[in-house]
Each structure stands twice: as C-alpha cells, then as structure tokens.
Amino acid sequence: MTDFTAPDAVVETIESVQQELGRWTGKSIPRKEDRRLLKGQGQFVDDAWMFRQGYVHFLRSPHGHANIRSIDTTKAEAVPGVYATMTGAEMAEQCEPFFRIAPDPAARIEEYPLALKARFQGDAVAVVLAETRELARDAAELIEVDYEPLPAVVDAVRAADPRSPVLHEEIGSNLAWHGIYDYGDIDWALENADHVVRIDRLHFHRFSSTPLECQGALVNWDPGTDQIEILSNIQFPMFATQVLGPSLGVGQDQLLWRYQDSGGAFGNKIAMYPQIAALALISRKAGRPAKWTEYRSEHMLSCGMGNERTFLDIEVPVMRDGTILGFRMRAFDDAGAYLHYEPLGAVIWSQVVPGCYRFKHVNVDYTETLTNKCPTVPNRGYSRLQHLWMIERLVDTVAHELEFDPVQLRKLNYVQPEDYPYETPNGCIYDSGDLPLTLDKALALIDYPSARERQRSVASSGAGKRIGIGIGSTLDSGTNNFGQARIINPDLPFSGNGEAATVRLDLYGEIFCTLGSSPTGQGHETTAAQVVADILGASPADVRVHAGFNKEHGAYVGFSGTYASQFAVTGINAAIGAARLLRAEIATVAAAALQCEGADIQLEAGVASYRGDGERAIPLIGIANLVYANNAELPPEVADGVSLNCRYVYRPPFQVPDPVTKRGNLTLTYAVQIHACVIELDEQTGQVRILDYGAVDDCGNRINPQIVEGQVHGATGLGVGAALYEAFNYSEAGQLLNASFYDYHAVTALDVPAIKTDHLESPSPFTPNGAKGMGEGGGAPLATICSAIQDALGPGAELVSDSHNPPERVWRLLRSTGARGVEVQTR
Amino acid sequence: MLLRAVEYVRPDSPVEAIAALRSSRHARVLAGGQSLVNVLKHRVAACELLVDISRIDELRFIDAGQDGSVRIGAATTYDELDRSSQLRASHPRVAEVASGTVDQQVRCRGTIGGNACYNDPASNFPPLLVALGATMRIESADGPREVDAEDFFFAPFETAVGTGELLHSIVLPPLSGRGVGHSSILLAQDSWALARACAVIEANGVVQDVRLVLGCVGPAPVRARAVEDRLRGAQLSAGAIEAAVPAAREGLTPVSDVHASAEYRLEMAVVVAQRALLQAAEHLSA
Amino acid sequence: MSSDAAAIHAVEVTINGERYERPALARQLLVHFLRDTLGLRGTHIGCDTGNCGACTVICDGRLTKSCMLLAAQADGCEITTVEGLAPARGDLTPLQAAFNAEHGVQCGYCTPGMLMSASFLLERNPNPSEHEIRRGLKGNICRCTGYENIVRAVQSAARAAAAATAKGNS
Amino acid sequence: MMVGGRVAVEASCEEMFSRLSDPRKLEDLVPAVEWVEVLDEDSFTVSMAPSTGLGITPLKLRVNVSDRRDNEGVRLSGEADGGEFTAAFQLRLEFVPDGQASQVRWSAEARFVGLLSSIGQRVLPAIVAAQVEAVVRQAASPT
C-alpha cells in the first residue's frame, strides 16, 4: 500500500502558502506577454540572427525505407556560396550515438544526427550550410544519393511479425518495448462477471498538434570559448542538453540554451536534439553559426507525430447492475522509425490505468514497435489520451450493448467524491474531484434533455439527418514522477520531478523573476508575476518575469521545461518558494534597518514597514541599496546572510515506483475534463456537424481562470480537429499522404464550434497552491465525438472503432451490415 | 518554401503579355498566384519566366450586358466577383461560389481565369462554367478565339489555352429564367471538395433543357448526359430528379486519395447531383 | 533553367507609411523580403502551402498572404503589416487591446496575421456576426486558442467601436 | 497508381512500334525529350521535361524495354528521378490495327516517392495519362 498522506510539514506549508495567495492569484488579469506579441515584437526562432551565419538545409530521404549505397556532395560543394556539407557517415565519426531510454534489445540502436540508412520518408541523410536559404536548398538538390529501396512496414501490429522488414538490423527485430501490466485479478473478474463484452479492435490514429511555428535553431560552436550557443524553440532544453553533452563530447557548461518566444509546441518540439547536434557539427566544421528553420512540409514529414495505438482483443467484465470490473487487452503502439523520446509512452499511459473509473482488474499486454514512419513525439495528452479514448469507447460500448443509460453507467462507475484520495490499481493517487457533478455540469451546458428531445424529433422527420449526443470523461495527469521511466528500463537514473526559479530584488528595488520552464504560449510571465506579487506585496505589473528560457540564468534543474501539465504546480511553486525566500531576506534587512524583529515586517506596495506603520518604513529601493551598494551600514551577520537573489527548487513528494510490480504514484495531480456534445450526422454523406459543445474542467485552484479557460478551448479545438479532420496516413510503401496543410487539414475558425465552458475547483491536497496542471487536457473531444457518432448510429450499429472519423468512414459505418466488431457473452 | 530561380516580368497589356509568353520556352502566366506559387515552392514544377498579368486593367473587369450576360476579365478576383452587385443580380450563384472560395486572402488574390486554367479537379469554377455554357475568350499572337467552356478543360493544369496564349475573359450567357444549383461535399468548411455538381435547368413545368456537370470525378468537369437525357422532357419534380440521378455514375473515373476512395466519390457524385438539381429547381420556382 | 543573376528587380514599396527601395530576386517571396531584407519580422511564416495565414498583410487594400506573392509583384504597392497597426512604443489599437482583454493570444505566432485579417474584416464589416467573423478568419490557422477567444476579441472590438461611434454621434 | 486509356492514331502499327520501341527516335519525335543516351539494345537514359500548365518537371529516366512483340506491343519499365522525388513506372503499349491507322492501348503503373506522392495525389493519374497520350500522339504525327 502506498502511503499517500502528506507529511505534516507539507500540510503546514500548503496552508500557509494558500493564505498568502489572495490578492492577485486566482484573478483573470490580462497577460503581460501579449503586448509584444500583438505588436509583432515577439522574438521567435527565425527572428534570431548572428554575424556570419549560414543557412542550413537538410536533405531528406524521399523513401520510406532504403539503404544508402553512396552519397556524393561534390556538386553541392562546388556551388558558390556553399560553406559546407556533411553526410551521416562524417557526423558519425565525430560524435557518439545518442543516449537511449529503451532497455535491450532496442538499447542497441545506434542513432546519430544524420541517418546512415533511410528509415522513414523525411529521414535526414545530409546537410548543407550556405550563404542564403535559397542557395542551401538549391545545393541540397545537387547532392546525389544512391538509394536501394527496401520494403517498408507501416503498421505497428504487423511490425511485430518476425517476417516483416526490420528497420534496425542491430536489434534483429522491430521491438521497441514489451511488457505486461497486470493489476488485480482479471481472470477472476472475467470468470465471475455476469457479462463479458468483447471488442475486436480499436484504433487510435496518428496526428499531431502541428504548432504554427515550426522547429528551428541557430547554433554557434564558438571556436574561441568552445561553447555552443543554441538559440532554439526546443520545448525541453534540459532533456536535450543531457542527451547532447555526451554525444558531442562536451560538458554541460559548454551548452548554452536560450530562446524568447516559441510559436506553440504541444510536445512536438521536445525531440529536436538530432537536428541541433547536426547544426553544432556543421557549425564547427564551417566555423560559422548555422541557422535552420524547418519548413512546414519538413515539419509534417519529420518533426514527430503523436502516438498511434491499436488495441486488440479487449474483454470487459461487467456485473448485472452495470459495475464494470476492468478490462484485458493487447496494445500495440507505433513508435515510428526512431526512439527519440519513446518508449516512455509505454509507461506514461499507466498514469491513468482505470481512467475516471473504479476499475479494479486490469491486464494490458503492451508492445511498442518500430515502423517506417516519422518518429513519435509527445503530443498534447501524450500517451494518456489514447488510453482514455479507449476506455471511453469501452464504457460507451458497454452502455450500448447492455442497454444501460450512458450517463448513469458513467456515474455508477466513476470514482466517487468521497473516494479521494483514491488509489488506482497500480498505486497512482487521484488527488481530488467530483466526477458526477462535473458530468452534470457538462450535460447542462448542452441542455441534455432537450438535445435528447431534438434527437427524437429529427429521427422521425425523415430529413436524412440524425442527432447524436456524446460524452467524454478524461483526466489530465500532471507533474509526473520520472521514476516511472524505471518501469520501462530499471537502469535509468531518474526519479521524482521538480523545477527551479529565482526571484531577486534588483539594485533599484525592481523585482525580477526567472523560471526554468520553457513556455510556448501558456502565459508563464503572467501567472508567475501573480503569485510573486502576492508574496511580495506587489502588483503583477511590478514583477518582471524573464521571457522564455535561458540556461545562463541558472534557474533550472534536470527536469526543467514545459511539458506534462506541470507549470501550475512545479514552476509556480518554485516561484512561490523563491519569492518567500526573498521576502524573508527583505524582512531581515528591513528589521535591521528599522530596529525591529523580522516577524514584525510587513511588505506592501513596494515598502517594508514595522507592522504597517508608514512612519517606520523602508522602500524596496532602500533595502536593495543596503545590500548591493551600502552594506557597511548593515550588521555583518545580516549582510553576510542575504543576497536578494533567491533561488528555490520545488520538489514534489514522490517515491521511486517498483519496476517489478509496475506500481507507484506516477503523477501528483489529476485534473478532470468532462465534455459533452451534440452532433448532426448526414445520412447521405457521412458528414458530421457539431451543433453544441460543452467542456467542463476541474483543475483545482486556478491561478488565472482566463488562461485556464484558454487552455480548455485550445485543447478542445485540437481534439475536434483530430476527431474529424486531422490524420497522418502512410501508404504501404511508407509515403506520407498528408505532408502539407493541403492534405493535413488543420482546423480553422469555421470548423471549431463555439465552445461553452464551465468549471469546478477541487483543490489538490498535494500541491502547496492547491493547483493542478491542466494544459494538455485529456483528449476529451476525441472520446466525446466518437461517442456522439455511435449514439447517432443507434442500436445494433457497427462499433465506432477508429478515433478519426472523416465523412467516408462514417458513411461506411452507416451502411455497414457485416461484423459489428463487438459481442457480448452473458452468463 | 523557396522557389527555384526564375525570371519575372509584369507587362502592361495583354499584347505585351503574349509577347512575353512567346519569348521563353517555359513561360507561365502568373495571375493570382494562389496555386502556382505554392507549386513552385515545392519544386515539383519550374518555369523560366513568370508573366504577371494581375495588374493589367484590361483583364480586370465585370461587364454586364443588356441581355443579362456578363463578361468577366480573366484577372478578376473572387473577391471582386463576390462584391459585384451586377453579378449578384445577373448570376447570383456565381457570386456565391466566389464567396465560398477558400478564404478571404485567397479571394483577394485568386482569379477566375487562374481557377479555370489551373483546372484542379476539385476546383469550383470549372464545373460551374461548363454548366452555365460560358464562352472562354483566348488571345494569342494570331488574334482572339473563343472556346466553349465545355471544350476548354482537358486535364489538371491543361486547358485549351496553348503555349503563348492567354485567357482573356469569360462570358456568362444570360440565365434567361434558368435555374442554377450548386452543391459540394467538402472535407471541412470551405475546404477540399470530395464531390461537386452544378446544374442549370430550363423548364416550364416540363424540363426544356438541363445541364448537369460534375467535378472531382475525372480529369476535367464531366457532363452527366445520362441524367440530362432522363430529365429532358420530363415533368420537373423531386421524384423525377431522384429517379434520374443514379445515372450520374456512368462513365465517371474518380481518383482515390487520402481523403476519400473513388467509390465514395462516385456515390457522392449522385448525392451532389441530386442536391444541385433540386436547388436549381427551387431557384427556378423562386 | 534561369539563374538568379538575370533576375534582380528593383522593388519600391511603401510599408506602414515608410518608403523602401531594395533589390529582390525574382524568386523571392514578399514574406522573405519583409523579414530578411527589411527586417520587419512581425510577419510570420507557418506553412508552405498558403494555408496558415501567419504571413498575412494588407497590400493595396487586399488582404494578402505574403508567402504567395513575389516581392517583385509588390513593386509600387502600399503595404500594411502588423508593425503598422500601433506605434512601436505607443498604445495598442482597440483591436489589439481586445485581443489582450479577451485572451485571444497564446503563443502569439498566428497573432500578427490574425490581426490583419480581423482589421480587414472590421474595416469592411464593422458589425459582423459570429459566423462572419469565423469566415473572415478562416484563412488564419491558430493551434492554441481553439479560436474561441479570438472570435470574442473581434466581437468585443466591434462592440467597442460601435459604442464609440454612438457616443461620438450623440 | 494505375491508369490506362486508348488513343486512335493515323499511323500504322508498324510505324508506331518502330518509333515507340526505339529510344533513338524519341529524341526527334517528342519535344519534351531533351536527349537520349542509349546504353544497349534494351536500355537507355532519357532526359526530358514534360510540361503542364504549371511549368516543366525535369526528369531523368532510366528505361528498360522488355517484352518487345513486333508491331504488336512493347513494355517499358524504369525509374524517373525528379530531384526531390522519384517514380518507378511500367508502361505497356499495345498496337491494334484499324485500317491504315491504328489504336494504341496503353496502361501505366507508377509509384511516386517523395513529397509529390502527397501533394500530387489527386492529380497525378490524370497528368500521367495526359503525358502518355501526348507522347503517343507525337510519335504518330512527327512534326
């Protein structure tokens, strides 16, 4: 049994922190970062420029799978204005293979910055550095690559077949990872259930959030200092830096990372380290800064895509009253051609093993395979949304097949408000929430009774239309415990989590905050300013928060970055901690100056006073002066004990999970999303139109409700896109058929419906500020829209078994008379 | 994103444009550029000379005739069509189609002539121009010639406009009481069409004449003559339309792509045919 | 094939009221001319198919994706970019202020293009319906906001302008 | 991708066979062909730049002639290299007498590799068909 009660010290801190966050925290103040962005004054990666820089073009394989017999760069190098070219072989001689997360056999994969064999369409095989963008691309066209095309494998299940083409000969198969997650007693449950619902296959499709700004980096390997300056919109620099140091043979002190603004990331920009390594090496070779700005089609082909997952042989034991006991299944996850962040996805999903439900018996035989497709990267809702979608499909199917009301069935099986903190079968602790109430609020947003009424009247109108009502209930697990990586590979030296921040009082009394996060639109400058202002008795306008990320500020730990829905917990509590340290130092200095005790110092509106007495007060500029420039006036014991530059590392209370039993608390917080929608389905064409959409979010205490709501809207927009429009499809030969925004239909303002929102605030008992991370969302729109389509199809229809439902797929479902993909066995 | 090297010229008149087109073996007309520039960016095709006709005033006009016909200069933009009160009055469906083209930016730059000459199977204007019985005026060094829209479209990016020639203008004949219908099945709002149909009906209770033209189901717009034959002479009714449209499948060769199979496109051709005909019939009675 | 040597054009444009004359290769896109040649980097690039609208500017009164126009084509034109909406150090325009108040900005990358389309729309149609706003912004992809707050911002700017007009008239 | 069609031409089957199965003749017959390098009896390299309304697409083709049946048919297979994309293709031509003239029946299978397989997917079959028929027509009536 995991001990999930918080230690006394933690509880005490939580109570005191929450008392201090009253004035600005929780208010929808307009964002501080907007002004520059609205004026076109943001600094994005392509806006960066260095003296003597050259432009990089990556030559990418057109083949899905091919040996490279030879590469001839002679003609490219002869082009005037070309500074350098490099091939995979040349780079491999100059660096070590990248660090691998996977255990054997996939640990034997040796990956270098450029490919030595093309394993997916878009695999980079050579690179050119030239005077202009145009020249770099022109020259790349002149590189002659002799490819020997090979048969491809583009299906994760087929890739596991020993007869399939093998991508990485050194491991002898396409296996990225395999393991069995077994909790409770599924055999007992299946034997003793009143019904067993069996689903043949569910398929969660490939898509990604395709941030509007593509990837990019400007890298300068300075020959004088031997330091590598990296200006890049990479989303998780502190992960990349740990990969690149050993690979390039440089120390962490040589790797300087920074950027200001990033045009969205959603997880997709996490795995840019191969490109950055290539830029570093060609920069060293040419003795020039190397700048690369990814093209959109290049992004579509090679940046990374979300996890595609196939669920097979799903068995669901159900009791007569509707209690669902759990499930058994086989899952095949598609890693694509390389393991850039994978196979972490093979454990990340288990943060939400039972979804929102009290399932006790779960058995998942999980396989991740390598295929001739673009490598998988985290994508908003990383690895959990696939699993949560599967669970919602399963719950809906139980309701349809056994004729339970989908609302009542959910409410019966949900984790109940009184169950919190609730321990899941694998030892995760759901912190707080009220799922039935959240569902009720979602149904109220779409006026559920009248939607049902409308469904009946449209059905009987003979207009060739049908109404469907869908529900999706998901969780956004935030602040992960990196110890879960050991469930993938017990040898990995990672556990826990954390984030750093600094808050300092500058020379003339200014408040300056730096963060370890790497924001990509989440408003960190604003929310950090809100909490720091509260602690220091200031206004958010008085708190300058550094924009973007800069490793040189020293506000980082190994986990620093923006990912996994954690800033509201890790980043904000680091800022709170640093601000409290600074407040204590200010109080110490003020007490010395005002001849009183530190406990009597009040901080308000830029002035430290003795119990609020305006006559006995010192402004912040006076405090700063005493420490920075006038320290002989301070008693030595005070002067020696303060710096006014306070760094704090927030560390969530985690233990190391058990890799053998695969149990442990894998994340700190669980935000809840329940969505409901009404769709209209055209019987003739299969087109789906969303008539009404409601989203309810519960992420505990909200630091800035408007920003939270913005995240809900955004996650909903992307989810609607994925459910109806957005997919990456490959031909059997490994050709991507949606390699631009022509054929990858990124949703527009006309496609996304008006989104109604509501919220609950169930504070997390485990975080000092009661907040939960919520930025990723749980992919609720995918579950909700599939649920609505199934509802519109009506009783006896084929199962909606794919998460992507463009018109033709729905049209086929409407006409299906064959196998339904589901059967029920009743005892 | 980056084009191959190319030359550019901006002539002031159609005559100069034609001279420029004849000056280079691989010259191409640049009108709105909303398709061509993207193709050049992807380097799947290249040319030596781009002849920019977008600012030739002589190619930008909407002239309504006394008889209800309209002459439209080839470099007229969708936005100009959308906002033309003359066109709204004489050929409202054409203005409507222009108004639903892609997005505001494309409407501000993209031209009806470019749309016609590009002849992407999913484009909206080619089937509409054929259904309306438009006349395409082509200019060359040998002088002007006129081609029926029906004979204008060959294959994607291939039309009756030959090397060294220029599409000058398009004449829409008067509707003269005919009903016009247009229906599309789109992947998403104002997005790729999976099937399109345009119908023009002349009737006085009985169908005197009808044109039904399908898009997205072949290399160029296809006249569904089998459907037309079934309707011509029939009493115009929803029932007659329903009975006739299954014949729309005849002779179609749609492609399969990542968005829809040929089978689906074929079936949707029937659906849009029916919807376009019904809309034309409604327009007629209105 | 052509070579660049024979394809340099003098491009004279007025951007945000300021006149510029610079050489451009025939193959150079207006967006690269703005960003790389003139250093006006508020106009962004988000795709290579003319879908995303991040590069939207107003060129001679036409809402234009500057990635589908050659720099040479803009010769002699008057162009407004995002930098021309409000003074670099001055107040936000009412539309920009509405984006701030309604949280219509997240990562900010689509924002310049979105503002140009919204300005164009409001100029033509000062009182647009929600559907008209969505249609007007259809050529601008945003991946962060789900469009909801952008639509609200445009609605709010339109309301504010109407209120200001009404006040002015009374 | 598979496409096919038939073209009625004025030339006889013998003429059509001799022109279309002999690479040396293509250079003079087909304007899009820039040069032909004959490697041996059955294989040759062609540089051509087929043209559409969008522009030209320079291609280098390695072609093998197989299945030559005198005056009746021929099969060509090979690879086309267009820089950032490649295509593997097979083209069958059959010549059927029709009085003094003849009918050319053709079928082609092509697999495109590279970005073109995505952005060209809707239009490539029609473009390939138009290009093949243009070559057949040019072979029938050399100018």
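Things to note:
In order of appearance the chains are A, B, C and D, and numbering begins at 1 in each one.
The definition used in the following text is that contacts are C-beta pairs under 8 Å (C-beta built on N, C-alpha and C of every residue); 3 or more make two chains touch, one makes a residue touch a chain.
Since the structure is predicted, the reported quantities are computational estimates derived from the model, not experimental observations.
Ranked by distance of CA centroids from subunit A, the top chain is D.
Comparing chain pairs A-D and A-C by the number of C-beta pairs in contact, the larger count belongs to A-C. Distance between subunit A and subunit D, defined via averaged C-alpha coordinates, is recorded as 50 Å. Taking each chain's centre as the mean of its C-alpha atoms, subunit A lies 30 Å from subunit C. Separation between the centroids of subunit B and subunit D, computed from CA atoms only, is 30 Å. The set of subunit C residues that touch two or more partner chains comprises 1, 4, 25, 27, 45, 48-49, 135, 138-140.
For subunit A, residues touching at least two other chains, in rising order: 133-134, 141, 295-297, 737-738, 740, 742-743, 747-748, 750. Subunit D has residues 58, 83-85, 115, 118-119, 121 in contact with two or more other chains.
Interface of subunit A with subunit C (complex): residues 28, 30-31, 33-42, 44, 46-47, 133-134, 209-214, 261-264, 266, 293, 295-297, 520-523, 706-707, 709-710, 713-718, 720, 740-742, 746-750, 752, 754-755.
Residues 83-86, 111-115, 117-119, 121 of subunit D touch subunit A in their complex.
Listing the residues of subunit B that touch subunit C in their complex gives 1-8, 10, 30, 33-34, 37-38, 40-42, 46, 48-50, 52, 54, 77, 79, 102-106, 108-109, 189-190.
Of all residues in subunit A, only 62-64, 121, 141, 149, 297, 301, 731, 733, 735-740, 742-743 touch subunit D in the complex they form.
Looking at the complex, you find that subunit C touches subunit B at residues 1-4, 6-7, 9, 25-27, 29, 45, 48-50, 53, 56, 62-65, 67-70, 72-73, 75, 117, 120-121, 135-136, 138-140.
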